[in-house]
Amino acid sequence: MKVSQRLREDADNIWKRIIEHPFVLELYSGSLPIDKFKFYILQDYNYLISAIKNISIISSRADSVEAMREIIEILWLESVSEFKGYEEFLEKLGYTIEDAVNVEPIPVNVSYISFLLSTSSLKSYAESITSLLPCFWSYAEIAEYHKDKLRKNGNSLYTEWAAVYLSEPYLNLVERMKKLVDNAGKEFSYKKLKKTFITASRYEYMYWDAIYNMHTWPV
Amino acid sequence: MKVSQRLREDADNIWKRIIEHPFVLELYSGSLPIDKFKFYILQDYNYLISAIKNISIISSRADSVEAMREIIEILWLESVSEFKGYEEFLEKLGYTIEDAVNVEPIPVNVSYISFLLSTSSLKSYAESITSLLPCFWSYAEIAEYHKDKLRKNGNSLYTEWAAVYLSEPYLNLVERMKKLVDNAGKEFSYKKLKKTFITASRYEYMYWDAIYNMHTWPV
Amino acid sequence: MKVSQRLREDADNIWKRIIEHPFVLELYSGSLPIDKFKFYILQDYNYLISAIKNISIISSRADSVEAMREIIEILWLESVSEFKGYEEFLEKLGYTIEDAVNVEPIPVNVSYISFLLSTSSLKSYAESITSLLPCFWSYAEIAEYHKDKLRKNGNSLYTEWAAVYLSEPYLNLVERMKKLVDNAGKEFSYKKLKKTFITASRYEYMYWDAIYNMHTWPV
Amino acid sequence: MKVSQRLREDADNIWKRIIEHPFVLELYSGSLPIDKFKFYILQDYNYLISAIKNISIISSRADSVEAMREIIEILWLESVSEFKGYEEFLEKLGYTIEDAVNVEPIPVNVSYISFLLSTSSLKSYAESITSLLPCFWSYAEIAEYHKDKLRKNGNSLYTEWAAVYLSEPYLNLVERMKKLVDNAGKEFSYKKLKKTFITASRYEYMYWDAIYNMHTWPV
């Protein structure tokens, strides 16, 4: 079995909870209160910047020239396309980029990002590329699982947002990342990769949950 | 006003909540259930290892030879004395070092450590040394604030644990760290240092709170 | 005066020696022995890989989102176009990519690359982006200075190689990098930037000189 | 065979050249011109600072808690004792610490240090700890090989300088570092460790040679 498939299976109980989280369900069925969606979009700016910073670090640690060039390609796509989509959504919601810049990241946002950045800065390339996978991959799996709800939901804003994750280019990106993990994991401790994948998956769940409940700093 | 003093004042509302947190109050007054204390001690192993790793990184980023040598001195003291104290406490509680090694860190533990490590790996030396200060300094302030309770509490385990933070060598260590922050902060954006100090202080609060409520991973 | 211009003036004596180095002169006038050119091209593979790795690190340290995205654009251009040009030249010279991979880097190659990578890993963003500039910029200045010789040299191989550095896209790239340095240098110690720029310029000179004299490891 | 022993044997031709280099021979036999010795001591300040910075980075990358604590012990010993010895020697030669601070490092100094720092920042822990070994170990081997010359040389300055490397604490330090390499190398590509060890050994040779010939920057 490929490493990515084994990781996915070992995180199955967490992923089920992600896929069925109220935020996700309501988003795809169209009933998510717009305030929660706006909260999500504004929080995501900070995450997006750090995700791109993180991919930069990972490309500098790649274990081969081919992997480095592949990650640079992903980095560039993210930097160009994700930002473009992001800015369009801000505009649709009546926000400017400054509004997003000025939002204070909530605890789970700072924590998840810190986990990703400290992994890429201090751990192996194999663990770093693995830490990225749950975010990219779970978005595709969520979209696939709920695509029928999406078709019927009549909420053009959410439909449009989610359509990206069903698109050919996005699915192709996920496949490329899985392949990078499969290659990096060939001669690397599976136990360590599993720990990384599980932790990132847990943060994905906690992220959706904190956004849904608008959990800000307690002090 | 010195940078450290200004940071302390700007975090005052958070520090009050730390100092009066039930875990802290019950620990110093002697009424903390032993299970909560054991939970704390076992969680702390992971934190301690990463704190030492973190100080190593910071010493490599110091802005002067004097600062580097001072941080190496702190690093060595921590590596020798903290470990010794830690191992003695494990023994008193009936644990081995392996018990501590095998404990899974709770979310706030992973998050706080990741925040510290990503700061020292990617941000400036000034922000990195500032991120360390709330942990060291708040332990001293907690001990000073509650020292009367400690004298009367009759719980020799907790009294002995807390005595370290009232000791001359520990207070000296805190003063040295404050001085490093004061020096590093002289020509550095106060706004950035404040953000770092506030975030680390918030994690301190959330750490105590999660330990008190034994908050493990939700999935 | 802009920081980049000031740096260029302060390194003028070194740059004159670079521009008039025998390797450069003979290359542009067409008289460079083909063996020296082949030696250069094979050595450059290692340098190119590390240069791209280096730009990845620098993009993760950028001081603003705009700078980060700009550096990612440069990184991607380098990763795509430089490699393509490089592979075409290897082929023209009768080499495969494997030939280049298997070449042992000479001392100045390891030294220059190590200087760049340790700067981007451990020093500030301002110093890191400045360390890149002499390589990119001096190639443009060399090409501009010797363009008349190039037109007349009759050596199609060298003419084609050098044409890149006179092209609009390349000159645009250099201007973008100068602007990044100008911005990063606005509130940064000029003395430190100068030290970095001078050191990188010196390595550029020593690189040409070692290649011309085919200086390999003495032991 | 232990990894350290295998590395030593594979670098034997380089180490023989180091041990018999004129600088080393004349230093131990007492005939080295004092100007060359002064040049060496002044250059060494920069190297020493960076060596300590480098050990800090390596301790943050250690592959076990035991290795981390062992490296911190070495780091502290270096930071305390090496500096003390260094400052005493400066004084004996009529220099202040400022004189050493203000000396410009020669090319091989910048290059060797950059190689060490980029290795510890970007490569594995195993390669990083291996990159340190040639410096520490070769000083011990040089002293052992030439100790008879030293006894008879009548040059109290050089005798005193060299005595450190024949001392029990120093030899103990070297043994500890060899053990760290042996442990780290158990499950790591020998080929990569060999490349690192050879490169560091070559820089050791080139360092002695550049110091002996007082090779400063060519431009």
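Lettered A, B, C and D in written order, each chain numbered from 1.
The working rule: a contact is a pair of C-beta atoms (placed from the backbone, for glycine too) under 8 Å apart; a residue touches a chain by one contact, two chains touch by 3 or more.
A quick note: this is a predicted structure, and the numbers were derived from the prediction, not measured.
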Most remote chain, CA-based centroid, reference being chain A: D
Between C-D and B-C, the pair with more C-beta contacts: C-D
Inter-chain centre distance, chain C versus chain D - centres from mean C-alpha coordinates, in Å: 31
Whole-Å separation of chain centres (CA-atom averages), chain B against chain D: 36
Chain B and chain C: spacing of chain centres that average the CA atoms, whole Å: 46
Multi-partner residues of chain A (at least 2 other chains): 53, 60, 122
Contact graph of the chains (line, ring, star, complete, other): complete
In the complex, chain C residues that touch chain D: 13-14, 17, 53, 107, 110-111, 113-115, 117-119, 121-122, 199, 202, 205-206, 209, 217-219
Sites on chain A touched by chain D in the complex: 60-61, 122, 124
Chain A residues touching chain C - in the complex, by the definition given at the top: 49, 52-54, 56-57, 59-60, 65, 68-69, 72-73, 75-76, 79, 83
